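Both complexes shown next keep subunit A, but they swap its partner, so subunit B is in the first and subunit C is in the second.
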Partner chain A sequence: MSATADISPNTIIELVRETVLPDLPADFGAEADFFESGLDSMGVMQLVMFLEERFSKKVEPTELSRANFRNGSTLAALVNGKAA
Partner chain B sequence: MNPDVLVIGGGSAGVAAAIAAARQGADTLLVERHGFLGGAGTASLVHSFCGLYELPPAPDSAPRVANPGLPAELERELLAQGIAHDPLRMGKVDVLMHQPQRLALFYDQWCTKQVNLKVLLHTEIVATVVESGRITEVTLHCRGASWNLHPRSIVDASGDAMLAVLAKHPWEHPPSKEMQRPAYIVGINNVAAEALGGDEPLKVAGTIAKAIQEKKLPPEAAGAHFRRSGALNEIFLTLDLPGDSPECAFDSTDARSLTWIEMQGREVTFAIVDHLRASLDGFANARITTLPVRAGIRESRSWIGERVLTEEDILESRRDEQAVANATWPIELRETARGPRLLYPREPKACGIPLGCLRARDLQNVFVAGRCLSATHRAKASIRVMGTALATGQAAGIAAASIEPNTAALAHQVRQVLSDLEA
Partner chain C sequence: MNIVELIFQRATAAANAVISTELRLTFGELESRMNTFAARMSADSAWPKKNRPRIGLDAPSGADYIVVALSILKQDACFVPIPAELTADERAQLTKSTALDAIVFAKSAEDFRIEPVTHDSPPAFDEAALEALNPAFIRFSSGTTGASKGIVISHETLLARITAANEGLRIGAQDRVLWVLPMAHHFAVSIVLYLYHGATTILAPASDPKVMIEMAREHGATVMYGSPYHYTMLSGQPDASALGSLRLAVSTAFALTMEVAELFADKTGLYLTQGMGIIEAGLPILNLEHAEDKPTSIGQPLKAFQIRLDDGELLLRGPGVFDAYLTPWQPRETVLRNGWFATGDIAEMDEDGCLYLRGRVRSVINVGGLKCFPEEVEAVLCTHPEVKAARVTAKTHPALGAMPSAEIIPQNAASPPTALELRKLCQGRLSAYKVPLFYTFVSELPLTASGKLRRY
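On to the complex of A and B.
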């Protein structure tokens, strides 16, 4: 269990929209695929840095996979599994 | 030595303009400032042709070349000679990946076997004489030697609207804040084949991110991405750079900016490769083996033409009876070094670039092709790509070879030539 409140999939989607994919539609859902909307390795790199900057969540290179970064739900699950 | 048509700049647009003019029977001279042709696609190691294909009307549509004539011929030849491999679907668009080193040789041969065409490398334009709305004389320069020419028509495919500046013709330059960011591309050998397969590119990205956080790499390393090239055992590292230096904000025509990005590009790409070599097994033997002749510039000055292409022209896929080149690449904004932002046309259809955008507003015998044609900042983010540059070059070359002064009548002639090429 992390000491801080869980980060919601919607918070993750907001972060992705704000930092990497500005054109994500307003109704982009927790299960909608970031990669199909244009996320690439450079975007993932930015996200890793923003996740630490905003939420103090460190993602290790070994945790970087399409499965973990696929959508708001999977990425929220990854970061919520980490100590802040 | 007074050619009918002088083409300035031997990139995708200039080569296409020169060959097209020569094929119309014009005695043509192509001058290029570096030691080989190809522009961004060779000198800056840009390793894919964007804008070469139509926008796929459906996800399963086969790629179709968007323009007849030289773009189609180039695609066919690059595939036949093994310089490029089958087109790649990247999201909603198709691109043709090629080997920049062999593309340089291809362009040499494409030009030298063309009758009516002469190429001079290491040659730049340094002065013009304007009389009664025409450029009547140009001065060329090579390593301290200068000579004058009196071409009938001139195509500016310099990428930087060099001729507009020299002739004091109106041109535009976006504010530094909006200007598309530059990229520094290097070729790397001895990266293990599996090092960029599956999820590995994400792990490479994560390794770089971690190194930035731990201050082992500079923050500019965040602009890095890798792509395997058509050449055996070679990958390209593309580093998008912010461009701003302690001395000045980014300006692609300022020597201080250009010096800064070239040196920073080398410093950061070498640091990245050194770090990956120490951190990832697949990169243990990696070496930077190809440096660019110059950093990749995405935006520079543009001419003010008879017409100005706009963002809406691209997004609404507009075309009229002046349309002479198809633009099919989305508006690709790179106003930061944090990856592209793409704006697609509302329907997957080409915009027809009108001849008026390829024609100087106030100089009767000057045509423009490639990224410095007459377009707004946003429209340039679509038309700047190499596939579209081939098409605008071809159209400008056909137009420059004609003696028809009226733009509407000239557009009709160019369209007739293009339609014959399609047959």
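On to the complex of A and C.
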């Protein structure tokens, strides 16, 4: 994705809200914790499949860490190919 | 007979029973915490004053889930787990169809409340017949139209089932089982099996592979239970090789692919043992002999079980098969065909007698181990005024199994409803795992010769 514009944390939060956490508050910040807002392992599985399809990216086993799915910033970094 | 009494009669008080990130309990401590909780619960004015009340449990997965569930069973109440993913409608349906007498909401064994439940009409099942079974728990399962059958398991059946399963698993006091699956779906058989056989259960957070490995290492895990998703996640950790010291890693919930089996073996040196756990029969089939050369097989039946293929459908016979379906009331004998239980799974057997699952007799999608019936989801989609017809099928992934995906024929092709609207409609009515992940708009759907939706 690096050749095109990066996906922003807010876009990611919107996608997370649409797909697995419909009750995220409107002011949910880029650093706010998805797991504390109810993201469970089924939700992570759904997100992986959804993001892979949406962004034509394969999430590698090494990237399936809790840290990468923690918040809008970390997940945007993962999708943008810049995960820690 | 009460399975909880047997567990503590057999247990060594000083041995570790449960270890979680926040709590560590020996069998002695578990028993005393259970007794304290049970006494508080039965002294509560909201606890039902009747024989064998049916008690729903709404509690997060964790060490205290075990404490509370055991307390319910110990008082000869019938335990009905309420999974967290249910929507309000689905909960109401569970509450009504199992005719719950009360629901225990327990954040922990210290912080709980009991809510009595009243019903407009008497139970739809034979209450006296249910009581006569010595029921330990009722597992609510989603049916084709969303209606639950309710699977009843007695204390005796539970014992028969964990005894038969352990002829394959061989879990004993020397074992420490690393556990990452949701309690509401697995407590009644798996956790009870570990406790009964004196093993330690290590409860690790389901989405944190780093902590899973740390806990496995710190507590010397010998056995693990997880899905291909968990094993994929673990394979990605830099110190995945620490799991090579497990003596058994069971893969369950959905199909293990060659890709995941080889990835895990490459990182840990250990081949995953696929099993077939089904709520109606426990763990009748486990790949103990051919994990290495045939990891995608579910293996061969355990000693106590016989299997047979009937026109491709897997039938099995053995100890621990469920006691009854609750609604409509059907005792085991009326469900079995000449003693055989029809699993609904299509299977194939190779020259070594190893079984491979090839799909379902009916159109169910296995989402992370949970059943999603496309008809139920399609019916919800079709309540949208702009939807003319819908088809829900499985979209598959090598490490994640299957997720539902929807195709929609809109009423008006020029102005189809948005995917977001349809998703919201489903989220309001269905458990999250049943909500389609993908929505495509089409002008026609494939039909079978008889005019039904073609599903594969």
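Heads up, the rule we're going with is that the second predicted complex is superposed on the first by the 80 of 84 C-alpha atoms of A that agree within 3 Å, B and C clash if a C-alpha of one lies under 4 Å from a C-alpha of the other, contacts with A are read in each partner's own complex, and residues count from 1 in each chain.
What we mean here is this: a contact is a pair of C-beta atoms (placed from the backbone, for glycine too) under 8 Å apart; a residue touches a chain by one contact, two chains touch by 3 or more.
Because the structure is a prediction, the values reported are computed rather than measured.
Which partner does A:Glu18 contact after superposing on A: first (subunit B), second (subunit C), both, neither?
The answer is second: A:Glu18 touches subunit C but not subunit B.
Give one of first, second, both or neither to describe whether A:Met45 is in contact with subunit B, with subunit C, with both, or with none.
both
So, A:Leu64: does it touch subunit B (first), subunit C (second), both, or neither?
After superposition on chain A, A:Leu64 lies in contact with both partners, subunit B and subunit C.
Name the residues of subunit A shared by its contacts with subunit B and its contacts with subunit C.
19-20, 22, 40-46, 48-49, 52, 60-66, 69
Which of the residues in subunit C come into contact with subunit A in the complex?
So the residues of subunit C in touch with subunit A come to 84-85, 180, 205-211, 229-230, 232-233, 235-238, 263, 367-368, 370, 395, 397, 399-401, 403, 420, 423-424, 427, 432-433, 437-438.
Over in the complex, which subunit B residues touch subunit A? Could you list them?
Listed in rising order, the residues of subunit B that touch subunit A are 91, 199, 201-210, 212-213, 222-226, 240, 338-339, 341-343.
Which residues of subunit A touch subunit C once you look at their complex with the stated criterion?
Subunit A residues touching subunit C: 18-20, 22, 35, 39-46, 48-50, 52-53, 60-67, 69.
With touch defined as at the start, can you tell me which subunit A residues reach subunit B in the complex?
Going by the criterion above, the answer is residues 19-20, 22-23, 38, 40-46, 48-49, 52, 58-66, 69.
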